[in-house]
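Heads up, the thing below is written out as structure tokens.
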Amino acid sequence: MKPAPTASTSAEATSPEAVPVASSSRRRSRWLSNPGLVVSALVLVTIALLAAFAPWIVPHDPYAQALDARMLPPAFVDPERADPAHLLGTDNLGRDYLSRLIYGARISLLIGFFTMLVSGTIGTALGIAAGYFGGRTDSVVSFLITTRLSLPVVMVALAVVAVLGGSLEVVVLVLGLLLWDRFAVVMRSATMQVRGREYVTAARAIGCSVPRILWSEVLPNVVSGLVVIASYEMAQAILLEAALSFLGLGVQPPLPSWGLMVSEAKELMLFEPWMIMLPGAAICILVLAINLLGDGIRDATAPEGRA
Amino acid sequence: MSGTADLLLDVRGLEVDIPVAGGTLHAVRGISLAARRGETLCIVGESGCGKSLTSLALMGLLPPSAKRRAERLSFAGEDLLSASPRRLRALRGDRMAMVFQDPMTCLNPSLTIGDQLTETFLRHGKGNTRAARDRAVTLLERVGIAAAANRLGQYPHQLSGGLRQRVVIAMALMCGPDLVLADEPTTALDATIQLGILQLLAELQREMHMALVLVTHDLGIVARIADRVAVMYAGQVVEEGTVGDVFGAPRHPYTRGLMDCIPQPGRTVPGTRLGTIPGMVPSLVGELRGCSFRGRCPYAMPACAEPIALREGPDGHSWRCVLPAEALARAA
Amino acid sequence: MLRFAAKRLLLALAVAFAVSVIAFLLLRVSGDLAGTLAGEEASPEEIERIRALYGLNRPLVAQYGEWLLRSLSGDLGRSLFYPESVAALILDRLPNTTILASCGLVIALLLSIPLGMVAALRRNTWIDRTALGLAVLGQAMPSFWFALLLIFFFGLTLGWLPVSGTESLANFVLPAVALGWFSTPVLMRLTRAGMVEVLAADYIRTAHAKGLPVHVVLVKHALRNAVAPVVALASVQFGNMLSGSVVIETVFALQGIGYLAWEAISRKDFPVVQGILLVVALFYVLLTLVSDLLNAWLDPRIRGG
């Protein structure tokens, strides 16, 4: 009894399906037109370059103590007491703060990156296995995820570091073994979606082996989600390392971990507040840049994320 | 027909604009309508012609991005354009109520049927909780829901689509409104129960002596229950009048085309193909001039590109077409 | 609902078991416990003696079985430093941590739900962007640093609030703000996302069509539906706060579970560490169970089914 719907409405004509696939130049402009993405990438590259070339850049040896030049404030805090040779002042042992901050970036980036690598490998493997095979594998992985989530990360990490001793390797390993859950959760659901696609069915039909399908058909199509989680988990690892070191159970002195620097400065907080402000702000800026980069990548790839 | 004293809804020159990517979508373009107490007005047209937006605009429920303008928009003599939000809320749900399209989504999933029914009654200060409950049970029974008292404690998901639409209708009637706007109340339902729901609406309209504005594309039901019909095309009312005039002697080629799309006993020869209207609805983005139907109209002529004046016949029959009044009658 | 609850309970029990195994193994396989206990200068004989004393020379499974049975009966062993038993120590400190985490959660909810609602209602305006910006910034700040900033400004510089101790509720304000701050961004984002989705729902238009006042539409019709996942997440966040209390309690020297854990870990007081790990993990399991059931109960579609 309806009038024949021979006509399509004008509203339908502008539906999202009609949007043509973005050309590569349009995609590039979309990446560049996202200010958060550009700024965070620039900040991150700067920090990474500083960290990489630290030995050639730093004005002083970050470990060299100078007991006659202790707790010199930066010029912008107190120009009277400041020493122009120490741009950001010196710590309670007279070590150059700027040099230590730059070396601290190495520690944060190294721990963040390798932790992300360890947890990403574990989580992605578990997640893809659960998503691709389903059934019992899926139940087991889901159970592992639930169990992992029940463990208090900071306490477990502290306890293990206390037993094994604090070092870069131990911190990376412990955090890596603790932070894989989000990778697993996201990869699991992404793989589940990809598994049903025609190209996976086709690959199976022509007799590709399972590892080959997972590697060359599934993984490339879930990778954009992976990058976002990776950035987030790297930021998490950096924050956790700082917390562990702050509590004295992470990276050990005299290494200039930013968390450790805050810890060493906290007794002097009332007199030299800049000493906790600087390393804390450094962590904050690094983590902010990584998170914004992740958000930016997510936003830039989301509408094309048809994978 | 009734006199002006019974005029409940009086709309002149209603326009709704929606900003879209490529400019402004003129979804509703200068509509004039009137609904009187005890009368059923049906608004018909293809999907996308702006009839649902019209009903939302009348209730003041357009999405925030949509802009409403009108020369006049009054309800029972009261100007709605200048009314305060508080005054509008006092009218909505009390004296003017709405029945929405999709009963599956227009009921709140986490509140009981009873709560959703009685809250209108209580908010508008019609009585205490007990009175609200009694009214809810009475209305649920009236709309044909068995074991009505037990339904009050149930949640929407426990009811079928047909039952939910009956609940939505009962909900609209809780305060005994003067005007009910029903926006395609059956499109989301199975064909088998559509007729029952529409007949129920028509019965209730007569019983409660309300004005019913029914937005639909079901011409069969229009012929049965409407007093007056407004035919909409591309955001305009192209023809309006009593159901007898509009269906019996259509003056606009589009109305004519709609009529040919439905089989009519005694007129349609069995075995022949039903008519279709070729072509596409024009884009409503940007300025439009002349008759918007001319691209699909078999009678189109150069004059159709000029602004079309509204022409009027007896009994308030009006239409926007340059054709001589009897041209279509001869063609039929 | 019953079926769902039973299934969920079974999972919780299995996870609890797995967690107990991990809590047990973590401190047994991550190093030579006897060696650590005996100290660095201990002779091999002394280490053997300690190993025998603590039953560390028996098979792991037997040790675990015994430990589990004892733990289930409420005996979590004895501290190596304090005269009290581990269970007594934990019970003694638990109230402080519970107060802290509860206040933290209340603060987080009081911040995140209104902010999330306003952000959703004023989508893409400066209010929305400010709220989201704060959330991003909040997530980037190290918790210990934020806590120190609070101490510096409100405790030391302005002198408004005490910076340590547990004497009165005022002592809990700064630690609770520090703790709650970190759950705020995620709860706010979830509230905002939920509200954005719900506000576009047909039943919100229905509520407006009924002539209901705006606050009734927002709170009764919208928030109720938007907030269900927030409730679920909030109880999980409560568990995270128990874990995060290590950092915050240490900064504020607040005598709770977290501070106890940090002390015990620093002194290698392993029975206490193990006990706390077990209790906190089991508490988390319980919380997720409660949150799942609560969420199911809030959603009549699951409750009825």
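First chain written, first letter: the chains are A, B and C, and each begins at residue 1.
The rule is simple: a residue touches a chain if its C-beta (ideal position, glycine included) is under 8 Å from a C-beta of that chain, and two chains touch if they have at least 3 such contacts.
Please read all numbers here as calculations on a predicted model, not as lab measurements.
Counting hops only between chains that touch, chain A reaches chain C in a minimum of 1.
Taking the mean Cα position of each chain as its centre, B sits at the greatest distance from chain C. Chain A and chain C have centres, each the mean of its CA atoms, that are 22 Å apart. Centre-to-centre separation of chain B and chain C, using mean CA positions: 54 Å. Of all the residues in chain B, the ones that touch chain C in their complex are 59, 61, 88-94, 97-98, 100, 102, 105-111, 119-120, 123-124, 155, 157-158, 168, 171.
Listed in rising order, the residues of chain A touching chain C in the complex are 143, 146-147, 149-156, 158-160, 162-164, 235, 239, 242-243, 246-249, 259, 262-263, 266, 269-270, 273, 276, 280, 283-285, 287-288, 291-292, 295. Partner chain A is touched in their complex by these residues of chain C: 11, 14-16, 18-19, 22, 26-27, 30-31, 36, 136-137, 139-145, 148-149, 151-152, 156, 239, 242-244, 246-247, 250, 258, 261-262, 265-266, 268, 273, 276-277, 280-281, 284-285, 288. Across the complex, chain C meets chain B through its residues 201-203, 205-213, 216, 220-221, 224-225, 228, 298-301, 304.
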